[in-house]
């Protein structure tokens, strides 16, 4: 389907259910897609960090896109991460996921290399020139170890290189500069500029990846959110979005706080025994398994699985949130 | 005066006006205090980063507190930073600033050393035990290179060690955990805890130092803000706070966005020629000088002064905001 | 050929010559291989950082291995990087480069994800279990943003998981712990241990990637070096290695200092205009082009090319070193 | 006494013995000074990281200098750290420690603030202009979170601003640039420079703070070392230095490896319970206490003390090194 401009609402980064042997569990993926679509979400984002894209082979990545697109059946836009180290490799990922049906691609700055803002800009320009679908920038310094400067995002937005931003930087002030900037461009860049093209920029999509700050991101003017926790509780985030649209800030905040309490599950995994990815993705998958959505809570190698005790504590979070 | 519990509203971190020779300009400090009190602010915070406390000698620090307290004359609470490397040195700073009249002290984690959360906790316990006034934690990873864990802040709050938090971390999700946690303690820490003492925690003060996120911090439930930019435009932040209290989120957001545009002044200083402290503090002082509040825009050594052209650009920001 | 245990001497990380259009320039790659083998080096390492592996597609990576192995013709061992984000993807890279003829693989810790030492250990165990050839750990924190703890390297060495270490961490004290540890294992780990298997460890290969510290690394007991600058001046590094073996520390140091002066070329590229990868790889390729070894100095997208003036300065470095 | 130019040999960073109540234990300090002077060291460095300068009040710092200078009685030069956040505060520390008798001061870049190389340069120029004794730069990124660029050190050396460098950066390649640069200045900066003043630079002192790399630092041409571990085993480091001077690289390396094994004591303190400063300083003081040099192994607040079991393990390291 055509990518909306802008895309608004709740766009979960879809977990990738795996079999005990580490293969994509297609039946569970279909079930998870139905769970999310049934929860009222407004789009799906596959092959992001929450999808364990870092752990999936190219063949598995392709299968995830194909099967998600098939199951969605055009009801919602499907965004796909095209995650690889630098431009030439990202271009191959873009080709692969768009051939599999993605409606837009989400692309990070180069990583592993010692890069520079001018190289990051060139990277996005080359990717956008080659992509058959809109390109969203994925700002995720925890993974790529550089931050996308707000000014660069606005510049690439104004040029039409970028169709949107998925912000997982945690930098809410920078996020606000983009949100405000695309609305008032080019006035945000300088207090007394000449001319400008504010109209086109209103079509730029700004999404937050901060699960605990969706209400405030929306209040700032963000178009929507990409919360990993929405795998577990899509209804909650959809409710939050609707409360915001209805102008009920107090109830939106209360819903957000309920979701923040639920989000505590990502800290259950013992940090002395596992990394943050294992803990967070393990928690989401354990919760999906406990809720009966997916058949197996396994995460990909070399992540460390949650212990039985940790899974039991995930269950308590679900129970406290009324999700069991 | 007695420190309010909680302290609410706008608490500017007061710039320290200097003479061309680098001494504290007491007349300008008095004028700045009057400018801020006249702007309707609810407290003053001296000897924080915005006060160039890192650049002031002990004698100068003492004078700043003494003269601020004198000029305020009990109309508002005066908080003072007690900034030094570790516990024994901080204890001396606490003694010095409280002898000079500070109503509360603001203290960071140890820095320069390779520290640990258990040492940070012990640090705050020792400081609080020795301080004659309430102690607020100052979370400023950009300066001390460690982040105060939300759980530790809540733990020290529950113990009565900390009376509040001044959060300059930029981590809004962690900030929210504290804001929500002190309201609902101990339920925020675990979905099924035993007993608790929620009452005392409501007196804990949570202040944001993020100038661009005051509206959303207040919307989350923060008590107030410590915005460096309030030196330049105290009326704006006070207006924003009042709009929030009146429940008018849309106008509060509009006021915040106006202030965000004004905040652009901190990026005027050329990053190829100076560090971030020079650029931000130089901008605030240039603006205060242009507005006629202080006699001299000098910053302390070894900071790099703004050029005449850069000062002219600061003037444009003021003009655009209607402050000239 | 069988991978030597240990591999000793100079093992250049081979640049990947590209055509102006960004394809692998096979003729130039052959010429570069001949240049290096003719220079007396003891092994070749392809698909490391210096090879721009981060910028090569899987097809290009495969071609580099195939053509290098073909041109080497069994005269020297060929090590190949198997660089990808996590275990499942690295396993595919291992399969690809070993099918193409690599005699050993060089593997980093997982990156992009938030990992943990226990996950890094599991990663190497899984890769070693699946690899048909020996596995060397590639410690390169500037790229993967985690440091391989010396203790973990020694533990995996003792288990037979790792056959060697390519250390590009810059941490010479940690490097020394490994060099000394594999010689005296397990005594290095504890002053009073029980039993041990010191014999097998003597076959573990320890290589430094620090171009400016080869003499001191060898003096510590390292087996050899993987210096990117050896693309430009293989004879120099081979001479340095032979001087070390001959016990002539003073002449080895003089040769190292000559190479350090030559290494200054990596700082010619303007840091305000490009990142560190562009500057270093651009310098090596410009030098190889000026020396007539490769047909085109192009680096892969999105790297920034050196300017004509910068290339002229590279030429001065070559002239000063007597290489033009 | 007059500061030698250059200062060569072993210059231990002297631990500061404390009483159980946290005061400077002057008798133990005298005993430690005698222990070090008796061990044949060539200078003493007080008020550096190993001296817990970060934890000492100004009065305590002054006492440490006074008592060390008194006990040394002119037999050796005494260097003193003048550690504080920025120029104005450092100038006060310089005045204090030189009034107490220090023969040279050791000064870091500004910290806590967001600084810039141009500000760091200005900082050192202002400090040197005001200091009555030579100024050495203290490069310690783990504490101040910026690295002194080699080029800046060479520039300030050539200007006569800096009399030396105490390098605790761990960056041996950068260290080598300084060592080589001061010998061949200005040729190290450019392959074809004009004129120069190489003579003066030979008086510049380059000292390494890397305890495990003293042999290789000396082999590179460093003048000496400032090893914290020399508190515990001054004879070992003096022996190492003499072996180097005698040209016996193999025995120097063997002595260094013996010291590296002893250095393992700094990892005895449990990292889950304490920070790196607590573990390293606690180990040195426990060793000095076990060896009978100081009366009490206490470290300053808020550091975490070693457990009895950990102290017992320190004893095993001493026994294995023949120091008990």
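Structural remarks
For reference, chains read A, B, C and D in written order, and residue numbers begin at 1 within each chain.
The rule we apply is simple: contacts are C-beta pairs under 8 Å (C-beta built on N, C-alpha and C of every residue); 3 or more make two chains touch, one makes a residue touch a chain.
All figures in this text were calculated on a predicted structure; none of them were measured in a lab.
In summary, the chains found to touch both subunit A and subunit D are B, C.
Set against the C-alpha centre of subunit C, every other chain centre is closer than that of B. Subunit A and subunit C have Cα centroids lying 36 Å from one another. Separating the CA-averaged centres of subunit B and subunit C is a span of 49 Å. Look at where the CA atoms of subunit A average out and do the same for subunit B: the two points lie 34 Å apart. All chain pairs that count as touching, in label order, are A-B, A-C, B-D, C-D. Taken in their complex, subunit A has these residues touching subunit C: 22, 49, 54-58, 60, 83, 85-89, 92, 110-116, 118-120, 122-123, 126, 142-145, 273-278, 300-304.
Partner subunit C is touched in their complex by these residues of subunit D: 170-173, 176-177, 180, 188, 191-192, 210-213, 215-216, 219-220, 249, 253, 257, 260-261, 264, 316-317, 319-321.
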